[in-house]
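Both complexes shown next keep chain A, but they swap its partner, so chain B is in the first and chain C is in the second.
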Partner chain A sequence: MSEEKRLREKGLAFFGSITASFSHEINNVMAIIAELAGLMEDLLRVADQGHPPPLERFRGISERIGTQVKRGEGMIKRLNRFAHTMDEPVKTVDTTDLLEDLVALSERPRTRRRARLETRFPEDKILLVSNPFLLQQAIFSCMELVLAASNDKQLLRLILEKQDGGARITVSGEDPIVKTDEAALSFLPILMEELGGKVEFIPTGNGGLSLVLSLPSSIPGDSKNHTQ
Partner chain B sequence: MADKIKLLLVDDEKQFLETISTRLGMRDFDVTAVSSGEEAIEAARKKGFEIALVDLNMPGIGGEKVLEILKREHKFMEVVILTGYGAIDSAIRCTKAGVYGYLEKPCELDTLLNVLQEAYQRRVQNKLKFKNEKLKEIVSEGAPGSPLEILRKLKEMDKELK
Partner chain C sequence: MAPLRVLLIDDEEELVSTLVERLMLRGIEVDGVTSGADAFGRVQEKRFDVVVLDMKMPGMGGLEVMRRIRREQPGVKFVLMTGRGSLEEGEEGKQEGASAYLLKPINIEDLIEKMMEAVRV
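Our next item is the complex of A and B:
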């Protein structure tokens, strides 16, 4: 399979994986709202039979509906931003915003493995002229690799730092590696090459895995117009 | 409470679990709600549930595995899957594992109630069928032995029916 075809197929698989798991989360929100509305109907039916309407419970349910609506809105906004990362192959990217979105979008795969996440992002923005979709794909691949390499319930660390005008992103796990996804490991350098950066696989002291992505301030040789 | 159907409800989405549990509790169900597959298996070993309503995608032991274990350990328990992540391949696997119903969230409460009632009816029928077959077996053994022997066999049968 050609490198270009592999990139396209892996990109589609990543897009599918994120949208499928995130739409599942949105569906959960809808299901909760539907049940809360149903519970209100149930309570009204009881009130219709002559019992005093439980106003406090109505208030509580209404608040919970409001919370779920906000949760759903936030999810849809993130999903929408994620879809728009495919609009332009190269643009100015705020790496902190991008990582925060990715952390939220990848919550389901993490919680399914009961992994905890610790993040460390700098206070100052790190702006890169890069391909936001491929960048998210590369970071997500690292998270998947670290999660898949160990048992459930592990601590995953995601660190963003400034480096030579560009950025350094470290994804590491706390637990020793029990298995590695060789295909995913071999694909990561291809992705990083597209981004003009590189990946290093650094074993941690306790037998764990640390993946370090070094990204340039802009993709070398790219002469396309960049949006700010 | 004695006449209510003993229902085990499993879902990792706590808000959903709490609300659906309240709604079913207002109807014909004595609900025990748990938020993981591990807790569900444990709860089922401690209390005799008649029906289980199980989510599919959960951290740790997922719904398909829970279904498999519940069906293996509790002969007459009927299991209904309620998932936000329905797919044909998983529905086929669940059917092969003996699931009674496979529903997708959000689900109309009337639909859910119908499926749960039907699942309960099937459990009752299966138990009756099993009881009839066992009784036939005892009778067909010819001279059934002493009254004490008959009592022992009937007790064994009751134990299996629980």
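Our next item is the complex of A and C:
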């Protein structure tokens, strides 16, 4: 399979995986709202039978619905931003914002493996002229690789730092590696090449895996290079 | 007639607490838990007629939870809940002996009907 075809197929698979798992989360929010509305109806039915309407319970349920609506709105905004990362192949990206969105979007795959996540992002913004979709795909692939390499319940670390005007993103797990996904490992360098960066695989002290992505301030050869 | 004893398992805490309230208003005895581990603890303490189980649980999958609960309480019936994109998990659950599966968001009357059908068989 050509590299271009592989990139396209892997990109579609990543897009599908994120939208499927996140829409499942949105469906859960809808299910909760439906049940809370149903509970209100149940209580009204009881009130129709001559019992005084439990106003305090209604107030509580209304607040609970409000909480879920806000939760759902936040999810839809993130999913929408994710979909828009495909609009332009190269644009100025706030790396922290991008990572925060990705952390939220990838919550389900992490919780399914009962992994904990520790993040360390710098206070100052790191702006890169890059491909936001491929960048998210590269970081997500690293997270998947680390999660799949070890047993459940591991601690996953995601660190963003400034490096030579660009950025350095480290994804690591401390638990010993039990298996590695060779196909995913071989694909990461291809993805990083598209981003003008590189990936290093560094074993951690106790047999875990650390993936370090080095990203330039802008993708080499891109016309936006000269306008930033 | 003794009330139906139901164990409800879903990792969404708010969904569990709301469904528990709604089922209790209908005279059903319900215990709600948010993980497979909590469910295993509960089935060791108490007998249930029906287990209502979300198939997409963090960690151990729904099928594994179902198998382990059945080992503890062989006669218990299962009604599964699944997302629109996971119909095959519901079908797989039925092949493993679940009485029925419902798509989320569920309709409470459908859930009660499926639970009643399950215990009648």
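Note that the second predicted complex is superposed on the first by the 223 of 228 C-alpha atoms of A that agree within 3 Å, B and C clash if a C-alpha of one lies under 4 Å from a C-alpha of the other, contacts with A are read in each partner's own complex, and residues count from 1 in each chain.
Rule of thumb we're sticking to: a contact is a pair of C-beta atoms (placed from the backbone, for glycine too) under 8 Å apart; a residue touches a chain by one contact, two chains touch by 3 or more.
Because the structure is a prediction, the values reported are computed rather than measured.
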{"item": "When chain B and chain C are modelled together on chain A, clash or fit", "value": "clash"}
{"item": "Contacts of A:Q68 with chain B and chain C, given as first, second, both or neither", "value": "both"}
{"item": "Contacts of A:R81 with chain B and chain C, given as first, second, both or neither", "value": "neither"}
{"item": "First (chain B), second (chain C), both or neither touched by A:L39", "value": "both"}
{"item": "Those residues of chain A which chain B touches in one complex and chain C touches in the other", "value": "24, 27-28, 30-32, 34-36, 38-39, 42, 46, 64, 68, 111-114, 152"}
{"item": "Complex interface listing, chain A residues touching chain B", "value": "24, 27-28, 30-32, 34-36, 38-39, 42, 46, 64, 68, 108, 111-114, 152"}
{"item": "Residue ranges of chain C in contact with chain A within the complex", "value": "11-12, 14-15, 18-19, 21-22, 25, 56, 58-59, 83-86, 104-106, 108"}
{"item": "Complex contacts: residues of chain A adjacent to chain C", "value": "20, 23-24, 27-28, 30-32, 34-36, 38-39, 42-43, 46, 64, 68, 111-114, 152-153"}
{"item": "Of chain B, residues touching chain A in the complex", "value": "13, 15-16, 19-20, 22-23, 26, 57-60, 84-85, 105-107, 109"}
